[in-house]
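This is the structure I have questions about; it appears just below.
Chains here go by letter, A, B, C and D, matching the order in which they are written, and residues are numbered from 1 within each.
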Amino acid sequence: MQIREYIIRRVMILPLILVGTSLIVFTLGRVGGNPIAIYLEHEMTPDEVAQIEERYGLNDSLPEQYFAWAGGVLRGDLGYSGVLAAPVMDVLPKRLAATLELSVASAIVAVSLGIALGTFAGARRNRLPDHLTRVFAISGAATPIFWFAIVLLIIFWVNLGWFPVGRSEPEIFESISHPTGVYTLDALLAGSFTAFRDAIWHLILPAVTLGYGATAIITRMMRSSLAEELNEDYVDAARAKGLPERLVLRRHARRNALIPTVTVIGLGFGFLLQGSVVVEIIFIWPGMGRWMADAVLRGDQATIMAYVLFTSILFLVVNLVVDVVYAYLDRRVVLGS
Amino acid sequence: MRTRTNRFSRFHLLLIVAVVLSLVAAACSSDDSTETSAPSATTAPSSDTTAPSTDTTAPSTDTTAPPDDDVNNPGVYVHAADDDPLSLDPAGVAAGEAGETIILQTYDRLVEIGPGGPDLIPGLSTAVPTVENGGISADGLTYTFPIREGVTFHDGSTLTADVVKFSWDRALEMDLPEGNSSILADLVDSTSVDGNNFVVTLKDRNAAFLNSVVTAAVASIVSQEGVEANGGVVAGQPNEFFSSDVIGSGPYTLGAWNRGENIQLDVFDDYWGEPAKLDVRIEQVPDDDVRTLGLRAGDFDSIETDPTFVTDIEGAEGVTIFAEGWLLEPVHIGLNLDIREDLLPDGDTVPADFFHDPRVRRAFNYAFNYDNFVEGGLSGQGGVVPHYLPQGMLAYDDSLPRFETDLAEAERLFTEAGWWDDGFEMTVLVEEGGIFEVAGLVLKDSLESLNPNFRINVAAVVEVQFDDAHAAVPFEYATWIKNADPFADPAALFAAYIHPDGEWGDVHKFRNGYQDADGIAALIEEAAVSVDTDRRVEIYQELTQLLFDDPMWVIPGNEKALMAHRSWVQNFTMNPLWPRPSLKFALFDK
Amino acid sequence: MVEAAARRPPASSPSGPLAIRVRRFGEITKEVLRNPTTTIGLVIIASLLLMALMAPIITEANTPDAYQMPRDWGAINEPPGTPGHLLGTTSTGGDVLYGVVWGARTSLRLSVIVVGITMVVGTIMGSIAGFIGGKVDEIIMRLVDVLLAIPELIFALAIAAVLGPSFGNIIFALTVVFWVKYARIIRGQIIHVKHNEYVDSARVIGDSKLNIYRKDVLPNSVTPVVVQATLDMGNIVLVAATLSFIGLAEAGLAEWGVLVSEGQAGISAGRWWASTIPGAMVFLWALAFNLFGDGLRDVLDPRTEGR
Amino acid sequence: MTAPAAAPLSDKTASRVASVEELRIHFDTKAGRLHAVDGVSFDIFDGESLGLVGETGCGKSVTARSFLRLIPVPPGTYAGGRIHFWSKEARQTGGSPVDLLQVPASQMRDIRGNRIAMIFQDPGKALNPALSIREQVAEVFYQHRSEDLLDGWNGTPPRPIRRAAGQRSGKLEWLAFKVPPLRSPARRLRKRVDDLVGDALAETQIPNPRKIMTSYPHELSGGMKQRVMIAQALACNPDLLIADEPTTALDVTIQARIMELIRELQLRHQTSVLYISHDLSLVRRICDRIAVMYAGRIAEIGQTRHVFHDPLHPYTRGLLAAIPSLAHQRGELAVIDGTVPELIDPQPACRFHTRCSYATDLCGRLDPPLVARPGLRPVACHGYASPDELGVAADQLPRLDRDAP
């Protein structure tokens, strides 16, 4: 009831945000660039240019064009992606699945590393291990991802040959069907261990690269909230029961410190989405980020609009889930206040 | 108590430290294979720069390398590309677009450009038409192609002369604006079928018809049954099926096109000629550095190569750089004789008639530091070009006049033209990254070091911005840098880039500058329709002399045809006249 | 007692006479310097700033534009230690040392301008939203939501791509993206203060809105804004470097990101210096400001974690 | 400072459960070294309930926590003294005590919650909000009664079950407990624990303990939570229960019920209780003896009725005067002027002298030890010293009016 109302209220804002973002992006695209530049060749005659413009509906007035696009969205038609030479809706699910898979894997890296480091540091506040942990975690956020990624590739792909790039081996890709587009999930559904291992193997490097960047946010939150929890009476009470420190930290302090940490996962997600652009380019990961960068550089407006549309929704959903999970974890909290 | 370490976290820290240490260790030990990175370009197979590629008719090969059991991806040839096709339809593909290479591998044309150079070899026509064999009529207007028998398309249908006619007519009828059908439409008067022959009648005599038109992607032969089963022919409308699929007769069928990821080509078993040996996968790898890494790692057999990263790959174990022959698309700096001062970027001070004065154009040509561009930008893999005949082109000769950096002459000309004392500021438009940006920086450094009053701003913009600006008329910048479109024959090159009323002559208003515009136009037109090769060579060589005195471009240089590939690839060859990446995969083995 | 020992300074700075603030500043400085990582951050920042300011002394400024790399086309890909090129050269003959030193200046110029503008814009927008409230607030905050829903890098990318990658346009693009957080901080603070009792009492006494703003809102906002600005100083350079990697950088600019992406291909060929040295500079810059900002946040604002 | 007499500070001769000697606990703060507990000595006798009374910040909670070594180090340090503790066995066999400040950590864990248990001031904070009541109470049994949990098992229980009973289960072992063959033994263990938890809760008169077990702290009232804390503390039948202001955070109406409950359970279990409070009137009702603490020192100690009827220390007198009672007229409530002194690097002086109306110069120079003088309870005030004892003139001693409380 409480939660449902809250969710409904948040979801109600979504269309507003979507209209806002799409308007901004649409205007930006029309003011600054030519949406059909990708098709233009120098030797085209004005007639030919006009012909292409007509095909893409660019002869209408700007508001008409926007409404045409918005109407298409409502009908499930997001236009035609120039850079991928296909209707957006045809390629989007696969791309979205690729980015989601990478983001989730990176989030797993970031969250587990962040929680471990944060716990480690929070239990040793202001001592050398804490300082070293802080430097290590912040280093992740401070390293230029594109440089870090290339160095990882040189070491693990070229020199050691331990990890591949891309999403999967083509033969293995073809050996199973891909109903979800999330390869690890597809492999599990198909019950193929080989495919699963292959998917994981391809995921490790990009997920580590991206996840390490987001680790700092989680570590920081975990550290401070753990330190705060360790000052709580119930921690002393747990010690007074005779529990070993291991259990005091894990069962008592860490469990509660995790609750506020959940709230920054939404923040970390923004970081992941942004970092995914570079990581996808370098690790040849066919996701939304790389598609988007390509579209921006080549002026593929339908793609840009679709990307913004979906990241906005994703962003909202992630934050909504985070809020709900937070409310669930922390039984004392009332949503929406 | 509180201070006690907990084992779990300590373990994690140890793990992290271990990983970091191993990373560092691996990074430190990773350079052993690359210690011999002497700053020279000599390791690339040398090619005699004096010999135009027309002479090297035999395909260059690496057949000495024995078949390696250790090859990566056995049975599949992997090429790392930087560009995904927009369309796979011969009628809808633009010149220079990534779809062309797929069409090259999966479709056949009547005649093909052979592996060794500009020489033509029979394709679906059993003979290359010549005047001697009667394939070309005496007036040079009628071409007759005897059609090969026993050719099957990927869909099982059979090739006939009617299918050939259908294919050409299809492109002409669809007449897609983004496609290249205009080259057919401009020349072809009519097509007809005579028994087993396909006959083309031209509007005018044209020396470049076979080389530039019949071999072009737009002239590929498609399966008539396939077209009729998949939407037929609609004028002005792209065909959805053929935009993303292939029914041709080439040595490869389209296995899969995972957009933005890879394109897979499968060997076509019923191919009429020598069948291909390896399946092909063309991977989309947007980042240059990752392409070179993949080549080192052995996961890619060849990569889209640019002279700027020759120094990054040369000497790498198991990698060979193919560098024979020349690209036919020199880097050129466009000089706008139609400057609109109100459209220029902020800060530009050049007037509308800046480039009208031939002394200014010559001064730019003398001021440009060709050494810096060729040795620096092209890593030595290139050469200076006469106006406007690149190495490897018909009529090219090493003795032709070409500019060399001569600062004194540049100073003299700028002084005479009245710019030396006052100076000027000007923006040069380039697409960011790669050799064009480098050329821009060389131009900047050349002029600014010549005279501190000269200011060149390099506007390195992204692809969409460049394309947009490049296509705009009137042109909004005083200068810009790109490369020429690759043309097999000088006729097309001169028409596009030198003719006062040609493609660029029109945009840049060459007539504002040429001292003898009509004379130049007449020469170009004569050479275009002449079938007498000697006469044509004579005319083009004369034009280079005229243009040396009255240049319309600055030509920083021409690139060698370069491709880095794994040494285990056998029979490797490339031909710059084939669309990028200038490879025919059917020839390779590994 | 335990509580006494664990007591921390109050979360928000008190508005009071100058003397108190000065003393508080001293306390904060002391506390900040107590944490070695913060001190390290501060030391790195100081050295980078020193390097940026001394750039014309360390290296001879390139003419006519000192922010453009000088290129020695005769010395391409020289390793560090080459006479005249202490840190080696790039593939276009750019002097890496020059790029490092003037890159610091570029970074400083970039981040100071962007942080400066975004702070002002954000403060104004946040103040308008917070004080006027109602529909205006709704509109501004929805705009903020919209901007927050698109990742910073993507949005900056789109703007810079449209405008063309000149230094000025990159600054503009980053400014459009980075003001949002400040607006949120200021607005949140205003809303908070608005609901506080002591402002009610101030209002009863007849204090003007402007006075409330000056005395209650601004001093209370200083802390989070300063923290955010410090973190942004680092992140802006990082985002700009990433833009350079994707291809949006002024040609020939002495900027670390440009050098890193230009030199990256050479790493596997053993030419590590052209990208690793500038990469380390970006890293140091971002690390230092993040460490410092992090420490500052710990001291100033122990409660508002991670926001 | 002179060492106080080591002689028993009580008129009772019963055996001791704990004996605090010269306990000193310091904290490092930004301002300096804070002497939170500065030479505190007292005994706790078997079965008695001792009240430790003082203002907030006087060091009584620190003293109490130091029994279980719960002072955070750093910033705290155990700067000196001993806390001797006699377990039941030691008392019965006349064995020697252990020093709680010196025992190894593992032995300390055996004592915590098992031999010495603690009830915290605010049950709302002392219960973990994320764990159910069952989980929290069960921890005590797992920790200290793991052998009992496996009682009556046919043969040796499987290793994972033994590990579970000792709270040593690995990360994924709980998964194994969901499936055969470990499912039924795990259930059995769980049922045994549930029974013990239910019994412990029932003992504190919690209605419907089975239902309470499954709830989370925020679902319970304050009184309920404190009952859970008490159940948890008494679960292992400890020798000593430390109650740190157990009713301060509760409603007044509940306070009395909780006090009664503690008293009742204490009598039933024959447990000694150290009762920390700032509320003299509460302590009076349930404590056998009272130790008054001021600024890190014991001011005086004695039988409850004696302290109330004849407070010796001027501070105790002030405290008693501050208790509202029906006897007082409205507006007559006494207050002690001044504030508690800084405990940072204190000078050798009576801690109370700045606020004491009887104070003389001597009090500002010389620290009065806690001494039991003939005919008097132990008290730390120069007013009860003889001039000879201190070697000063008689008029330098404060003059206390023994008859005016």
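Throughout what follows, a residue touches a chain if its C-beta (ideal position, glycine included) is under 8 Å from a C-beta of that chain, and two chains touch if they have at least 3 such contacts.
In this text the structure is predicted, and so the values were computed from the model without any measurement.
Chain centres computed from CA atoms place B at the largest separation from chain D.
Taking the mean of each chain's C-alpha atoms as its centre, the chain lying closest to the overall protein C-alpha centroid is A. With centres set at the average Cα position, the gap from chain B to chain D is 87 Å. As a whole-number value, the distance joining the C-alpha centres of chain A and chain D reads 52 Å.
Chain B and chain C have centres, each the mean of its CA atoms, that are 43 Å apart. The set of chain B residues that touch two or more partner chains comprises 1-4, 289, 293, 296, 462, 464-465.
Counting partners per residue, chain C has 6, 161-162, 247, 264, 268 as the residues that reach two or more other chains. Shown for chain A are the residues that touch two or more other chains, namely 33, 150-151, 154, 158, 239, 281, 293, 296-297, 299. The touching residues of chain D, counted against chain A in their complex, run 65, 68, 70, 109-114, 117-118, 120-122, 125-131, 139-140, 143-144, 167, 216, 218, 229, 232.
Chain B contributes residues 31, 34-35, 37, 39, 288-289, 292-293, 296, 308-309, 311-316, 369, 371-372, 375-377, 430, 432-433, 437-438, 440-442, 444-445, 448, 452, 455, 458-462, 464-465 to its touches with chain C in the complex.
Against chain A, the residues of chain B that register as touching in their complex are 1-10, 12-13, 16, 23, 26-27, 29-30, 76, 84-87, 94-95, 177-178, 182, 236, 243-244, 258-262, 264, 281, 283-287, 289-290, 293-294, 296-297, 299, 462-465, 467-468, 470-471, 496, 503.
Taken together, the chain A residues at the contact with chain D in this complex read 232-234, 236-244, 247, 251-252, 255-256, 259, 329-332. On the side of chain A, the complex with chain B involves touching residues 33-34, 37-44, 47-49, 51-52, 82-86, 91, 95, 113, 116-117, 119-120, 123-124, 129, 133, 136, 150-151, 153-161, 164-167, 170, 230, 239, 245-246, 249-250, 281-284, 286, 290-291, 293-294, 296-299.
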